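There are two complexes below, and they share subunit A, which is joined by subunit B in the first and by subunit C in the second.
Up next is the complex of A and B:
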């Protein structure tokens, strides 16, 4: 996680962007592969000269948050990552006040890593795949950016999503290997199984499903004074282990329990699902499946996991 | 405070089992009972004698009735309701940000659950003799004057409003609850299957609402004085008949005989009022 902090702080303001944020500084538009985006921008009747971006900022986990308004020059076909780069590079509010660059998490820039997930106009999505021209149709006045509300804020738009990784550890979201030697070919998977599993494997642990879930509530462990990293992490782990796993982890149980080798640990994963904070917390609001940027059939996974967990619990109770 | 914390910790550690039980009890016995109850009440429409007969059948359980009430009605409702309140506290509605139909249904399920829980408390106090200590407008149901006492209890406009809201909320909660229970138990899993189940649950909900509104209409339109007269006439006939039977029968006879005599009495009571009315 600290790597990402360095990345967002280091990358945005200085190195990659020149000081001037005028049109000259922008790389020329690529002539191909822009069809869809071009259509979108044509739908906006009146293109504005400048964009207003309202950002909920926070200097550190302990500090209170505050709103700040920034403005940049409008260009067609902008995505939100580019907007954030401009905003951070300029480091100046709409009133001309010099401020620290806005921090945000970013990595792949093509909606496969999930790290630039944030609330854009109140809806959770990735900055990289959110197009400004679409946002202007939602609200032409300004674009509102907030950090995800279900995770502790590290700085500005950059949040600590390590709870998601704790969840993956809890459900053993992996395939076990029993040695470092070549064990030969694994069991065969039918194309039907493959089709079943592939959509689930697309999860990028972005956290959209959790942000939109009314049953997933924020857990923020405050750091004690002079507390060591290890002690703090232990406390975090304990707190997270009692919180709801959420749709992403439940779906990963289904994914790994369908795997021919993963199946061998199916019971342990189902035990994790029926433990404190397991799938029983789900309230069937189904926002998860509606907001998932990868269109993963999360509610199908929840239903399947619900049945499997019940059957497993009954079997275990009667000892067969 | 500490005791509360350990109680909540117990709840969270066993939440899977508790939630499964909560889901099951909502369907059986609570949901099933609710529909039987509303159907029985709607039988007022078929005539006060038929409703009285249904009530007599239920009350023929005699001393076992409270046992059945507590085992199959009050305890499950208390469990389902209390756990339901805990569930409400466990989540935080986010309708302002996410306007999906199922998100509205999620919130509605919680709101109607709370309404239904409060309504049932009022309803039981309003009708059941457990509520008598609360005053004249409580504990109003009289099993010997089933129809007329229901009619009397519905004589105020605000009672009608409370029942209309309570019945509608309970039926929404049941119909939507069947749908979510199907997901919880993994009966309908894919979005298409869930859509089909949704249609079925919607249809069930409409049927339930029809029965519920029929019961409501029946209770609100009782001609109290006439029905009361009929009931008293039937009651007198029953007493007369019983006295006649007593003379003929050995008093040490088994109670089964008595049952058949009371059934005869009911038959007599169904005939009696019509002749009197005409």
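Up next is the complex of A and C:
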């Protein structure tokens, strides 16, 4: 089964569910994590023999997307990366047609690297920590996989998130130490300060918050004929720097500005937040915080960054 | 003179540390990685990083003791000068990480907090919650990004290292990489190539390692002529959560914070573990190793957990091997602050709250102590000569290995919380080494002086491998299924307990599997983001290392660190009679000395012309701390130690009197 679908159709920010995905309708999105945290073992009364997985595929950025249906044997305790491994191994659709393995981004398999982020039954999450038994409760008929919609598709479920790393450059997401020679201990910090910073430092740049954000829109820079890598990268950087930074990068500004040494450059980071594509673009939809797999207090960060930016602007105005 | 460049392959802790240090020294770096560097496997490290600190120092701890614990834990197979240097650098490295903004846990007074880890009696381990690896990786990633903006670092992410480029003299002049998106194969001319490509856990199918840990880069270097050392030393971590795609690590810090390992005394007791009274629980590590308790070194904990399930038949579940790791007696607030990250992993993947219910865990392949052979230059006092171009250089000149892919820091088994240290240490330490190497390159031998044909031919050679794979007729063997079989052979025969007859059989099976793998065909023969091709090529490159590991294990007839062959285990003392026991202890020590003479050697593998590993042995520098028996939990350990110490005292007296004679006669 393979029907052509224009990938951009039927998508609105925060709900990238193609119209025809699920005839029974997807249960409303639960707030962060709940679907994955329950007692997995006993809730699904009858285990199916097979699983049906419907995947939105795309051979390359230039090609149109199309749906493909796969089936694998059900086993207890499966997660979605195992399912994708099985799908790759058999390289056959549900009706027996030979196909290429589905491409996807993966590494740690324990929800700490951020690679395998995708839309699963319409909700953005990591494939590794999404358990099949939980998905069967959402929809016992089939599991639907799509690439994230806010980033250019490289192939199939594999998207290009380099814009997120550009954002970390723009906000100067690092501590400016003098050098790497021995200069003694770092600044003393209270447990409260550590506990303030630590959750923010768990951001794995997965992009869930951006996928869910109505203000974060896809920027796709097409490569020109015979364009050099450098020229293409320059154009990407320019395009990305005009787009919205998004919650992840804003929260990183708070992280670095909380650090005793990081504070010394706080103004420069706040300048970045005040420039084009900065904090002012946020529409306060608060979707980011509800989809963050690491439960990072993103809206709190946005609030703190907002206040700091205002104070910074006033100070600058009066020349402090 | 044209600009000298360096390629760093791998963007985990070691690769990033090297990159930022080289950039600081003004050396431009091309950083190549299979994944965006921020997603490297180092993020999975949980527990912490070791160093002597102000608190332990006042309890009698020193750099020397950290060094001693490292080599004792490694069963003396570690090269001692690099380990000594590393232990001495450790406090400075933690200070640097602290300055870089790593959110280390803090004491009430605002100092860095420390926890205790296995194989030591001191609280030496600094940590950032239970995601220390992630936090350290991010701190270094941020520094490298800073240098990227400054223009000294160019990242090549989603690039696969295909092999080194060697000139006519066998000197490395760069490498070949492939863009995993466009599939472009490209030469990277460079005056030095640093491999920081991590471990090879995927050879064992499922392990605690990430999907990028195929060992393929190391294997490609090996096939190009680099020596591979101590391959058979594979650490099996005592506690992991069994899963269908991965065995997820449950950090040693769970025990460091007070977690207790137990099984019901009654086999497969069906009661809720919380209802089993204390008296009916068997805390087997605490009972057998009263001094270290749940924090015995990893190989011991692993074997005990393995044998309590297999030999004693006391596995918690009937159909699945596992024991309880219990945290339920600890305050929830402490658990959340110090172990939150790993408890969430358990909860997410098992659907059970480990704060309420004891976790079920079992050992899993975790770390490759062995790796590419690498050199070093020592000083008279037993340190490393800082800046020597030989430090960390593989047997291929101008190609270096750092981090998990080198071999000399962890010996027969790695101490918990020493891996993050060795990665960052080797990464920083190689900076001046490379600087000196580049400055001393003879004129006219730089990569920029090479004929373009050198790189063109190397590129063609690697393209030909892809072309051959793509040209294979469809319907052949399935690489993913064969990889599973490889994992089964390795896990069954070459992990916790090893027997020669099984290893022999496993080697033959591996050769048969390799023949079948030659008939693997691709289900994707395209030229764009072809993950099928990339995986198959990595899988084929696993065979040389798998065979090296098996052969090394087969030939090494002894027990050392993680390598355990019951057939060659040293016996406990049996006699009740005191004199007889003393005699037994003497015999024991004789045997120990003989074994040390024969086997305290690095296993060195070379890739033979027929593709089979050729194994030889090489002496280990144990000049600083004389090897001594490792006696955790052995019956009669005290008497053996007594006899051993007496022997050592006698030897050193003799040595002293010889020195005196020499002095007086001169």
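Criterion: the second predicted complex is superposed on the first by the 280 of 320 C-alpha atoms of A that agree within 3 Å, B and C clash if a C-alpha of one lies under 4 Å from a C-alpha of the other, contacts with A are read in each partner's own complex, and residues count from 1 in each chain.
Going forward, a residue touches a chain if its C-beta (ideal position, glycine included) is under 8 Å from a C-beta of that chain, and two chains touch if they have at least 3 such contacts.
None of the values given here were measured: they were computed from a predicted structure.
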item	value
When subunit B and subunit C are modelled together on subunit A, clash or fit	fit
Which superposed partner A:302 touches (first subunit B, second subunit C, both, neither)	first
Touching partner for A:204 - first (subunit B), second (subunit C), both, neither	second
Of subunit C and subunit B, partner touching more subunit A residues	C
Touching partner for A:110 - first (subunit B), second (subunit C), both, neither	second
Contacts of A:226 with subunit B and subunit C, given as first, second, both or neither	neither
First (subunit B), second (subunit C), both or neither touched by A:182	second
Smallest separation of CA atoms, subunit C relative to subunit B, angstrom	20
Subunit A positions touched by subunit B in one structure and by subunit C in the second	none
For the subunit C and subunit A complex, residues of the former touching the latter	20-21, 24, 35-36, 38-41, 43-44, 92, 95-96, 98-101, 103-108, 110-112, 128-129, 131, 134-135, 138-139, 142-143, 145-146, 148-149, 157, 181, 210-212, 243-246, 248-249, 337, 341, 345, 347-352, 428, 474, 478, 480-481, 523-524, 526, 528-529, 531-532
Contact set on subunit A toward subunit B in their complex	122-123, 212, 214-215, 217, 242, 274-287, 289-291, 297, 299-300, 302-310, 313
Residue ranges of subunit A touching subunit C (in the complex, touch as defined)	33, 36-41, 59-60, 75, 77-79, 81-82, 85, 88-89, 91, 98-101, 103-104, 106-115, 128-129, 131, 154-155, 158, 161-162, 165, 168-169, 172-177, 179-180, 182-186, 188-191, 193-195, 197-198, 201-202, 204-205, 256, 259, 261-262
Contact set on subunit B toward subunit A in their complex	12-13, 15-17, 19-20, 87, 90-94, 96-98, 100, 102-103, 105-107, 109, 180, 183-191, 194
